[in-house]
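We call the chains A, B, C and D, going by the order they appear; numbering starts again at 1 in every chain.
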Amino acid sequence: MFNLIDKLTGWMDKMAEGSARRMALSTGRRSFLAKTGTVIVGGALLPVLPFDRTFGAMPAQAAEVDEFSCEYWRYCALDGNLCNSCGGTLTQCPPGSEASKVSWVGTCKNPVDGKDYLVSYNDCCGRTECDNAPFCNTNQGERPGYRMGLHNDVNWCMANASVGYHCTVAVLVGLAE
Amino acid sequence: MLKLTHVAFGALLAAAPAALAEDAFKPEQVSVKETIDPGPNVFVYQQEWRGAGSLAIFAQDNLKLKGLLPTGSMGQMLIAPDGKTAWAQSSYLKRIVYGPNEQVLQTFDVDKLTVKGEAILPPKAAMALGYSALLRLSSDGKLIFVQNATPAASVTVADAATGATLQEIPTPGCWGIYPLPGKSGFAAICGDGTFSTVTVSADGKTASAEASAPIFNPDADPIFIEDESYDGALYFVSYKGVLLKLDMSGKTVAKLDTAELTTGVEGGWAPGGYQLMSIDPKIGVLFIQMHPDAKDGSHKLAAQEIWAYDLKAKKVLSRSKVSDISSLVVSKSDKPVVFGSTEVGKLFRFETDPAAGYALKPAGEATLTGFPRTLDLVE
Amino acid sequence: MFNLIDKLTGWMDKMAEGSARRMALSTGRRSFLAKTGTVIVGGALLPVLPFDRTFGAMPAQAAEVDEFSCEYWRYCALDGNLCNSCGGTLTQCPPGSEASKVSWVGTCKNPVDGKDYLVSYNDCCGRTECDNAPFCNTNQGERPGYRMGLHNDVNWCMANASVGYHCTVAVLVGLAE
Amino acid sequence: MLKLTHVAFGALLAAAPAALAEDAFKPEQVSVKETIDPGPNVFVYQQEWRGAGSLAIFAQDNLKLKGLLPTGSMGQMLIAPDGKTAWAQSSYLKRIVYGPNEQVLQTFDVDKLTVKGEAILPPKAAMALGYSALLRLSSDGKLIFVQNATPAASVTVADAATGATLQEIPTPGCWGIYPLPGKSGFAAICGDGTFSTVTVSADGKTASAEASAPIFNPDADPIFIEDESYDGALYFVSYKGVLLKLDMSGKTVAKLDTAELTTGVEGGWAPGGYQLMSIDPKIGVLFIQMHPDAKDGSHKLAAQEIWAYDLKAKKVLSRSKVSDISSLVVSKSDKPVVFGSTEVGKLFRFETDPAAGYALKPAGEATLTGFPRTLDLVE
């Protein structure tokens, strides 16, 4: 037991040290996903939880909402400032900042194709918090820290060299049906 | 060589003499107030993510601000049961938002508002929104427990008197710190729906853990990490409004009872916010933040009502309309006072009417700054 | 000339190191004032400028304004957060902070006795800026930094060990007629 | 010894397998944008007094935010004439608001938004509200001048390429830094109404100073420290609205001309705010923030109107109503664009109509944070 914990946390910490870019380049991710039902997003091993349909559905007008609004479909579990309003894009951190090495994941329905996508919310790090950008606090499928990979009340810059929180991107990393 | 050929001392010398009255005027002297005003306090942690947060101390009776204690960024606060000592865990980056991060545990003298000491923690402490379950004192008051996330979860155990780190306990997949009654240690909520009971040795340096049976379903109806103790039990509430009554005193955490807050109520009401509930043990009443039309993702919405719920009778005593309260705390009194904070910078004080099911009446407000999500009070 | 500058700035820096309390206890201040027309406030030598009456007068209702409002007469040249709304009083810094060793001076008319008072605006230092308190920005007689003793756009905690700006007190240090 | 008798890895292992579609979905990859978007920029320094300030860069044409550069607290910004390099002087206290203060000069690459270097300054730099005259580049671009206040005034001379401190020049009773045209050095405004001309040696290590004749009356009608250059002269404005045209090119500063902005205008209008005026040299027009019913102490009031003033014809061309603009900058264009900031977090863009005396028309806005009191732009 003890060995397992040591191994796991040791491995996880080591994973966390790897760069997001290196992980993202791994071509084996999708097959890994299919095999284990887990997602490696920027270095952390995260559970892929089925979208909780207990509560209501997406608003009808979601398709018309642009990506600079908190109502945009990808932002269904985002808690932070939009990087695309701070010099970045939907998936790019603003120049000079760093992408977080670890991230949390949401499951959001794309109103155009009706499919549920896994969205990695990477924080961008090492720059002053970008309060110039819209602050969004949506929480579909969000869980407290006991399901860390689904938790958005922590600073996901935690594993970076510079932990200052700047803003958040929303990156499509998988399909969940 | 600097050669100044003119005199231009401005503020230093170029003074036009003023006629000074030779009357009884006695100059005042600037000084520093020695201690805060006496009387019971409300503590609010004003968190910042790009600079210094602060621990604000208000008078319970009129919300007069008694002073601020300084912290770093992304921190948590902790108040001793006697209200005389406070702690904060926070981050100090070399360049505030970049560069090496020094995570510090500060110890404060509440009466004098001084920094009594500081200790450097292992650089793993969770940089999280304010939650009281992330920085805790052991029930004997000797140890401080710090929630870590790297994102792997663990707990740093520090000496409450010195701040010195004694050990780091891995708590993989578990979160929150709930001090065990009558012994050293804490429980934590785990991602599989169990609780882990971590017993810490007398010297604080070793620990053992024991899992409970399943307590809740984290997929179907997860619980908030906010806890409240009453009558020897610990209470949690789920996203859908199920109240859990737990026994923390055994080797493992055991479920004693459950109750549905919203049974028979129309409108899709559910609990929501951050520090979303508080129990007045004198009267056995839970005050809880509720919002209507609940759906997946609405669990952090601010309250549109605060409900007073009788824990013994298991029924809602009153429902009071409020504006955007996202965290609250209630005084321990026969006629409780509720203090609630908004996300946009207000602290509200509500008196309650025992004859009307402890319905809330606005009775004062004050200005807050930053992200004020944790409140505490000592009578 | 050069010696004089060295002496003056050296002396001033040395003065600035002295505590506000020590300076305030000096009983010789008022006679020093009368003699030189300058004020030592918390360690800095400041000019006593006559109140500039070029522009308008105090509002008529000033006498009824309480000391927790920016309209209170003592605050006629204050730029900062009121310490009496942050755990201090009109003349006391909040517990745990330090009074600034240097300060700027305003000349304010007391609507009760009609007299002009010299008001030392000491910043309180070493604590988080108290934005819980009202922020006042009045500027009667205020001058840019070329009249430093009358300037309120700088942090007057500059000569303290901890320079963090907390709030500002308004201390009556003299009468100007 | 930690003895865990249960598995509760939560996020690590307790994963419910999801059905994954085997279609054409191609995962996106998180990355970092390499450079900011091309095109002319507006720079706004967002000052903070309890944490990290930032230098915000907006597109001139649509106010889209291109990114932020990080600074410490109570800082100043400086932009190179080519707009490719920026500097900031700011304070980094060990505990953000208390403890030893390290005053840092950062050098930034504007296109990449990177910190190219930092140098530690003598701990005397003025911790002041944002004013462009407090951090300046010499006219040859080789030296940086930093305004100090202990409160004794002096100027630190640093190497613009390395940030290294070369000397500290005492400037007792004088304030503001106005680079001399065509040579190394600066002028400063002194409290007796003169200007001091400080010439700095080629290696930046020594200096000499020369006083002017009286230029203004600091008691009767003081001048703001904001300067604007046009047609070889430097312009200042007084509290009462007298425009001073100064020659900085000689051994001492000389007054060339004065003009009263408000002659013949009813309503007690006067200039006010922080960075309160800006000249478009292409058309020789000054844009200046004005407020009515001016009185002693009103000189920092935000603008209720912005006036366009023809410097050659010496007349007001237009008066445009605005809301609470406290600082502004104008582009160098035949059809200038005015950018104005408020104290409450807005950046406004105004287009001007040459046919209507360059009257302002609102044409865009963006959100600002902190205390945004200095603006700059490069075409």
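In this text, a contact is a pair of C-beta atoms (placed from the backbone, for glycine too) under 8 Å apart; a residue touches a chain by one contact, two chains touch by 3 or more.
From a predicted model like this one, the values you see are computed outputs, not experimental measurements.
A.B. asks: Taking contacts as defined above, which has more of them, A-D or A-B?
C.D. replies: Contact tally favours A-D.
A.B. asks: At what distance in angstrom does the C-alpha mean of chain D lie from that of chain A?
C.D. replies: 37
A.B. asks: Based only on mean CA positions, could you tell me how far chain B sits from chain D in angstrom?
C.D. replies: The answer is 39 Å.
A.B. asks: Can you work out the whole-Å distance between the CA centroids of chain C and chain D?
C.D. replies: The mean C-alpha positions of chain C and chain D differ by 27 Å.
A.B. asks: Which positions in chain B touch two or more other chains at once?
C.D. replies: 2-5, 7, 9-14, 16, 50, 52, 70, 96-98, 115, 151-153, 170, 172-175, 190-191, 219
A.B. asks: Could you list the positions in chain C whose residues touch two or more of the other chains?
C.D. replies: Residues 5, 8, 12, 44, 49-50, 126-129, 131, 146-149, 151, 164, 166.
A.B. asks: I'd like to see which chains touch which, written out pair by pair.
C.D. replies: Listed by label, chains in contact pair as A-B, A-D, B-C, B-D, C-D.
A.B. asks: Of all residues in chain C, which touch chain D in the complex?
C.D. replies: Result: residues 5, 8-9, 12-13, 16, 44, 49-50, 52-56, 76-77, 102, 126-129, 131, 137-149, 151, 153-159, 162-166 of chain C touch chain D.
A.B. asks: Taking the complex as given, what residues does chain C use to touch chain B?
C.D. replies: 1-2, 5, 8, 12, 20-21, 24-25, 29-30, 33-34, 36-38, 42, 44-50, 85-89, 91-99, 103, 115, 120, 122, 124, 126-133, 146-151, 164, 166, 169, 171-177
A.B. asks: Of all residues in chain D, which touch chain C in the complex?
C.D. replies: 49-50, 74, 91, 93, 96-99, 101, 126-129, 131, 147, 149-154, 170, 172-176, 188-191, 218-220, 222-225, 294-300
A.B. asks: Within their complex, state which residues of chain D touch chain A.
C.D. replies: 2-5, 9-12, 14-23, 25, 27-36, 46, 52-54, 56-57, 65-71, 111-115, 366-369
A.B. asks: Show which residues of chain B lie in contact with chain D when the two form their complex.
C.D. replies: Counting only chain B, the residues touching chain D are 1-14, 16, 48, 50-52, 70, 72-73, 92, 94-98, 104, 115, 151-153, 169-170, 172-175, 190-192, 194, 196, 206-211, 219.
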